[in-house]
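By written order: A, B, C and D. Residues from 1 in each chain.
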Amino acid sequence: MTTLKQLTAQDVEKHASRDSCWIIIHGNVYDVTEFLDDHPGGSKIILKYAGKDATEEYDPIHPPNAITTHLPKEKHLGPIDPNTVRKVVKEITVEEKARLERFKNRPPLSECLNLHDFEAVAQAVMPDKAWAYYSSAADDEITNRENHTAYHRIWFRPRILVDVTKVDWSTTILGQKSKMPLYITATALGKLGHPDGELNLTRGAAKHGVIQMIPTLASCSFDEIVDAAQPGQPQFLQLYVNKDREITKRYVQHAEKRGIKGLFITVDAPQLGRREKDMRMKFEDEGSEVQRQGSGVVDRSQGAARAISSFIDPGICWDDIPWFKSITKMPIILKGVQTWEDTVKAIDMGCQGVVLSNHGGRQLDFARSGIEVLVEVVDKLKELGRWPVPNFEIYVDGGVRRATDVLKAIALGATAVGVGRPFLYAFSAYGQDGVEHALEILHNEFEMNMRLLGARNLKEIVPEMVDTSSLRSHSGSVPDDRLYNVNYQSLKLASLRNIQEGAVAKSKL
Amino acid sequence: MTTLKQLTAQDVEKHASRDSCWIIIHGNVYDVTEFLDDHPGGSKIILKYAGKDATEEYDPIHPPNAITTHLPKEKHLGPIDPNTVRKVVKEITVEEKARLERFKNRPPLSECLNLHDFEAVAQAVMPDKAWAYYSSAADDEITNRENHTAYHRIWFRPRILVDVTKVDWSTTILGQKSKMPLYITATALGKLGHPDGELNLTRGAAKHGVIQMIPTLASCSFDEIVDAAQPGQPQFLQLYVNKDREITKRYVQHAEKRGIKGLFITVDAPQLGRREKDMRMKFEDEGSEVQRQGSGVVDRSQGAARAISSFIDPGICWDDIPWFKSITKMPIILKGVQTWEDTVKAIDMGCQGVVLSNHGGRQLDFARSGIEVLVEVVDKLKELGRWPVPNFEIYVDGGVRRATDVLKAIALGATAVGVGRPFLYAFSAYGQDGVEHALEILHNEFEMNMRLLGARNLKEIVPEMVDTSSLRSHSGSVPDDRLYNVNYQSLKLASLRNIQEGAVAKSKL
Amino acid sequence: MTTLKQLTAQDVEKHASRDSCWIIIHGNVYDVTEFLDDHPGGSKIILKYAGKDATEEYDPIHPPNAITTHLPKEKHLGPIDPNTVRKVVKEITVEEKARLERFKNRPPLSECLNLHDFEAVAQAVMPDKAWAYYSSAADDEITNRENHTAYHRIWFRPRILVDVTKVDWSTTILGQKSKMPLYITATALGKLGHPDGELNLTRGAAKHGVIQMIPTLASCSFDEIVDAAQPGQPQFLQLYVNKDREITKRYVQHAEKRGIKGLFITVDAPQLGRREKDMRMKFEDEGSEVQRQGSGVVDRSQGAARAISSFIDPGICWDDIPWFKSITKMPIILKGVQTWEDTVKAIDMGCQGVVLSNHGGRQLDFARSGIEVLVEVVDKLKELGRWPVPNFEIYVDGGVRRATDVLKAIALGATAVGVGRPFLYAFSAYGQDGVEHALEILHNEFEMNMRLLGARNLKEIVPEMVDTSSLRSHSGSVPDDRLYNVNYQSLKLASLRNIQEGAVAKSKL
Amino acid sequence: MTTLKQLTAQDVEKHASRDSCWIIIHGNVYDVTEFLDDHPGGSKIILKYAGKDATEEYDPIHPPNAITTHLPKEKHLGPIDPNTVRKVVKEITVEEKARLERFKNRPPLSECLNLHDFEAVAQAVMPDKAWAYYSSAADDEITNRENHTAYHRIWFRPRILVDVTKVDWSTTILGQKSKMPLYITATALGKLGHPDGELNLTRGAAKHGVIQMIPTLASCSFDEIVDAAQPGQPQFLQLYVNKDREITKRYVQHAEKRGIKGLFITVDAPQLGRREKDMRMKFEDEGSEVQRQGSGVVDRSQGAARAISSFIDPGICWDDIPWFKSITKMPIILKGVQTWEDTVKAIDMGCQGVVLSNHGGRQLDFARSGIEVLVEVVDKLKELGRWPVPNFEIYVDGGVRRATDVLKAIALGATAVGVGRPFLYAFSAYGQDGVEHALEILHNEFEMNMRLLGARNLKEIVPEMVDTSSLRSHSGSVPDDRLYNVNYQSLKLASLRNIQEGAVAKSKL
């Protein structure tokens, strides 16, 4: 490896156009002129930083080694002389100032009483783009909301007079101990919400004995995340399969070597979804002069999701499964299964599990919720005489906000439940402390609800404890009769009288 | 044909009363005195232009040759001397100014991310009357909204691990190639939204390889629309049957000669609907002095729909089908079928297809959505052992806003889906560019959703991919308990504290 | 009959206390001192007029002869000398002035496009108490709203290609011709809404060939209403049965003699309902000095309904039916039947019909809608092999606002439908013209919808034309998750930009 | 018993820190230093009163003898010299002043027309913390609201032409006469709402001949409540079982001796619920200086429920039932049963009844409503041939607001219904008068609705009178399509014109 000459900021500044475009990332200079049109996120965003340091923009949405991997060696021009780089005094907009003020005035962590609270705080204190990326979902976000709503169509049949002095909701997932029947599922771009990104999750998981699934599209590098784990702390890996299978093979085998306990292959995302909230966010950014020199038909419609996912192979298919089994001994779990037919196929092909999931509602709108598919799958397996399935576990994810949601899934046959966004919101608002507090809340909810269900351990959470008869019903209320409803004059309650100025009623009287 | 003497504006101005009423249309003078009471749109609107040039009002709601067809020859008084006509400086109202300002500030086309956006922009920038005519529907508009809502009761069962590198959603409709399983269905009065009217659709369809169905009630003449087509571009014709069958015969045979590929006979509109939003619009127009001289009981209750449709024959019946088959070799499709019984009848009488449709909710309120009827029809045909039906295609229309809606219909047995209002809104807001962009959006949605469903072509979109178990449910929530609900105090989220002036919370905290 | 001496206002004024209380009604003086505690509406309201003329308050809520009937002859003190009565200059409150201003600015009748419009106008222009009495219903008004909502769970299956040039929706009801399959049902206290009270209905019915059912609790006397009818105009009578059967007998036989064509005995109101909107209205009235002298525990909780109904017999039962048949030859119809069991009983006891009704939602809350009961009844009769029933007709009432509502009932086996409040609202807002315009609107809706259903007459409106599969479903949406829903950030549409002051967007952009 | 020396306020004031903490309760001084960490409500609240008189805070949330029972004798330091205690002039906050103003302006009792009204007034006039404690429920309060909503999915099938001159809705509950088929169920901490606490209920119950269930967690002592009863007035006892069974035994046997007629053992609360509205309330209280000295990690998350319930035994189980039977002859009823399985077990183990209840929605969210469980239980018992069950009664509670709710439960097999919160709200707003008026309202509703159902006594309220076919349906509407719905432009009603300033429309025109 030859040593490259150190460059100065002045050298770089000369290459600030479409015709010659250099940028600085992490102290190194790269010539990205020819790469402009291939950039998954479009050329525009790069041109904004032409001749400048792009690290800050680059960091949260790229794995650290993305540029060195994608750019031919000859385009690596060499290190920058740090003394020549002028510190850019970043202008803070009025909106950003207000956001920081809100951040400073977050409610104390102890006032977060449930997982909803983290989302509320995160929405108030996160940068808009980050919030949009995390919270957005496919099309009209029907599936996204249905994921949560579906749990509300399941009701409990709790048992009484069971001695619940001691209750235990720990379990094992793929043979790994977990203090709760849930795991932190893979979500991309952790640094959008917090500078420590996914490491918040690794550390929080360690403290509370739950398992983290590491995402392929993490902001932190895979090794950073593994390095942050405590000795013996189990971790899983979520995998997007690369068009170049060699890259995938290296990645998987590296993971196995580093001690990863389960390989969750995403199968519901041959192409990453159109998420309009995310896409709409891009239009607010007007762009700089250089960009306007560039192509007039800049594709401004790409949200973050597309920007980071062009390597994913839409060609992955069942024929690839034996190959995966040949390259690793890790248990293989298919993440994103949505029918009993594909579950049976996964069993028959020797997978160790499936995650019944629709990718948090971010892919196909009107995909059913994982919990609804779970009932279909288990009912069918029972009908086929194949339930329970040896050496095979079923997980669900999407929409979970309460321990009761988790316990419903357990009652219906799931081994554990994946929880994603709530933890993102927790660390975006409060860092690692937020993740820990979220887990403590769940701890308290589990203890309470195990007792109230009359179950001393998860084995006693049985199908008879839930009524799912309304689960499959997505009934459609008739569109309302607006004229009739406007005419209808609501009944009124008894009202206060002679209220003086200053004694404004708090109630609705 | 005798040549008529040229008239002057001064000649015409003398005939500006109920007793003698002349008007100018497209440079010719007509005596409409005796026609006043026969005018489908009422006499009032004509009297407003008595003695003046009525072309601007006439144009968008009449086929160009309407007046020459309906008025006896002797009432055609001759050409107007254009030099004598004073250019009327049209006063622009404050509202109209505001509308034009809004029009000028339309969002750039690239910010329209879905078909909903076009409707939003159109509603903001169209003249109120035009918007009312396009968007209005029958009675309480229950069916109109149900058309869209019904799709939301259908959920997907997508398959995974199918190699979807290449996906293809092209098809053939009545033997004609279409790049998507949809066609642009017939809608009336295109010039209300844009001066080029239906030509926007013809040209947009050509660019994207989809088929346009030409409406009988187009603002542009039939020949203008056909002339605007590219060589080889297939077009269909929608037909309202005239009380005078000879007119219909000439019209149909002319269409066949011009190369029309399918004749869609409207069967759900023996009388055009009462659309109250449209009707209410008329009352804002106070009328001029002349009108007040006229009959006091002017029928002000007629919307645009009635004004243009008095020729339609409510007597059309099954006995007419053989006659249609005798006058044309074009495939005959019945548009507006709503039961399996009538579908079977259509098959038995040798039709080539049906459109399961309720006329966009503009005719009978509480007619079911086309997609709901589709399930009834296909289920019955299967039960009768007559599915699939040779040489017979089924279409649905109404309520489509997403490619997923279309794919649900395909899964359930439709050959293609008709889309109407979204394209009207697209050209009303952006002209031909809007139509093209709408088709591009659908293109992107189809590509994404084919992949996410795990289907490489439309044949792989099978009934097992949808769950329609809630489709037929139009359940009625119990009317709400207003007193209870007012009393119920919603839970609150954790809240920001000490927020300073200027750091207004963006979220709901 | 002795002639009584004429009294002066000064004589009367002396009797203005609880101990001696005289009032003037229609020019006659009555001593009501001993009657105070028996007054169904409470003593308070009488004491307000002690020593004064009470006619204006008395009129709308009493049949004209109420006082002469209830008060012993010796309390009829004689005529008042009209010259001695000071014209009371009634003070008009600010609210009343505003109401009159609103009344003056009613929309022209032609702008009422549907029955909803009359309700909207009436609500704006009626006195509050009158509005409250007409619109109020039992308890939480669930049944009241369900009556309308239930129709929205029934959907059409219209037929096509039927020659509907001529459509006819006339019928016969109890052998009487009616131009529409509906009748104007009985509602009390017509003068609350308009000085001509029920006569508006009589006259409007005559013009449009429909039948009016005369209420026992009319503001106009029975004979006034019969006298107002055209020769040959059929009328029905609604009957509240008096505790004193002789009174009822005289009333019924008088009605028969006057040519009434059907006797509708109300069976769902052994006691008139608690209608809280009506009851709450009473509290606004502070009362005069005299009242305060009176009992401190005045029962202020009685709405108009109670005030007028104390004579009704809660003891009426099946055993009374033979007696009714013995005193009249008019067809006997039970109004307020709500189960198949009681329908069968009515048939077996020789009644000529039932009205499936819950009294407009004014009696038992959570009684089902008439249209829902209709399906139960007809299904059961079919099951019992007793359908159709000879010489027996079934009607429904409650919640009807559209001709489509009526046609649904016809399809399901009803002979006709009763419509009440919409006509009250029509004459309260516009007098007789309102009633006529309401009937014209229905005429237009019937014509349109008969055509769109593909039915040439009512016999062709068959059960197969409606889908009632969701009718019985009063499903309960799960209470909403308020925290989740507050957190969920709705998608946004494309938005206008740089909008100048004055170009306020009309749409929601 | 040794006599303790009288102390002075000055003595006490010296012990105002974590290291030495004395407080005054009811004129006695206690050293609670060592008890601080064991206090179920946390140390913080005690430290707020360190060195001071804590009686006012102590009273409403502790049974009077709580401190003497829990604190070792040697910590009872002796009586305080009342002359040394400075009267603390309590500062009244602006909010409290406004509340008192609202209280003063409560609507007159006669304007409360239904049970909803009491809740509305109570919400306006109660201190926030008290309101929060009474109204709060578990998690997202779904079950809490479902309790009421469930009744709305049950509809009546009333019978007609029954002689209902006399109607009687009295019954017996566990052999005790009750004038209505309901009892006042146990609810904690009555003094939060009114200084007389539970005595309001005792006295109101006596007046109207209904039975009160005395709560373990009453603010008044058990004996005070029993003493307040009229001779012969029956009372029940609700029991939380103490970890120390001896305490429970003494309590139960004392109750039996005092004449209690039924023992209702709570079985749905091994641990008292997390009620976030209650918990959130605590954060508003900033705390004093002393507290800040204390532990930084004060657990501020405990609402009132936890503070008072640490003695409850989560170990209570079926094996305890024989023991209960051995210590008392009172009928034993299990309160909080939620399945048919546990009902059958209760019967088999010789209990005299069950209350199908979910603790007012305050424990397990998504527990089903009592009325829904009632149908499950009775259906199963019928299926097992065990219905009716001799010497065994079934009650339900939760969500009742109307006599119709009660009658639905009776029709479905319940002996009586428990009503809780409405009576709390009634006395919080109006003291004993409120309780009585609430019972009068129910009286009126029962009379009316018995008549309207056509039932002369409770035996005639039969299962055939209700339609429960929708009861079990907790269907989920599909999440709404926000973009579509925002675009949809509602129909408008006819509108008033030229309205002058001052004639503001009351309606929505």
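What we mean here is this: a contact is a pair of C-beta atoms (placed from the backbone, for glycine too) under 8 Å apart; a residue touches a chain by one contact, two chains touch by 3 or more.
Model, not experiment: these values are computed from the prediction.
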Matching chain pair for B-C (criterion: over half of the contact pairs shared, by residue number), options B-D, A-C or C-D: C-D
Superposition rotation for chain C onto chain D, Cα-based, multiple of 5°: 90
Which of A-B and B-D has more C-beta pairs touching across its chains: A-B
Proportion of interface numbers common to chain A and chain D (over half same, under half different): different
Where chain A and chain B are represented by their mean Cα positions, the distance between them in whole Å: 42
Interchain centroid distance [CA atoms averaged], chain B/chain D, Å: 59
Shared-contact residues (touching 2 or more other chains) in chain D: 111, 113-114, 116-117, 120, 123, 140-142, 145, 149, 152-153, 276, 280, 473-478, 481-484, 486-487, 491, 493-494, 508
Chain contact graph, described as a line, ring, star, complete graph or other shape: complete
Parts of chain A lying in touch with chain D, wherever the complex brings them together: 110-111, 113-114, 140-142, 145-146, 149-150, 152-165, 402, 404, 408, 444-445, 447-449, 451-453, 467, 469-470, 473-477, 482-483, 486-487, 493-500, 502-509
Chain D partner contacts - residues on chain B that touch it in the complex: 114, 116, 119-120, 123, 135, 140-141, 145, 148-149, 152-153, 276-277, 280, 401, 473, 475, 477-478, 481, 483-484, 486-489, 491-492, 494
Residues on chain A engaged by chain B in the complex (per definition of touch): 97-99, 101-102, 105-107, 111-113, 116-117, 120-121, 123-124, 139-140, 142, 267-268, 270-271, 273-274, 276, 279-280, 283, 300-301, 313-318, 320-321, 334, 336-339, 341-342, 345, 363-368, 472-479, 481-484, 490-491, 493, 508
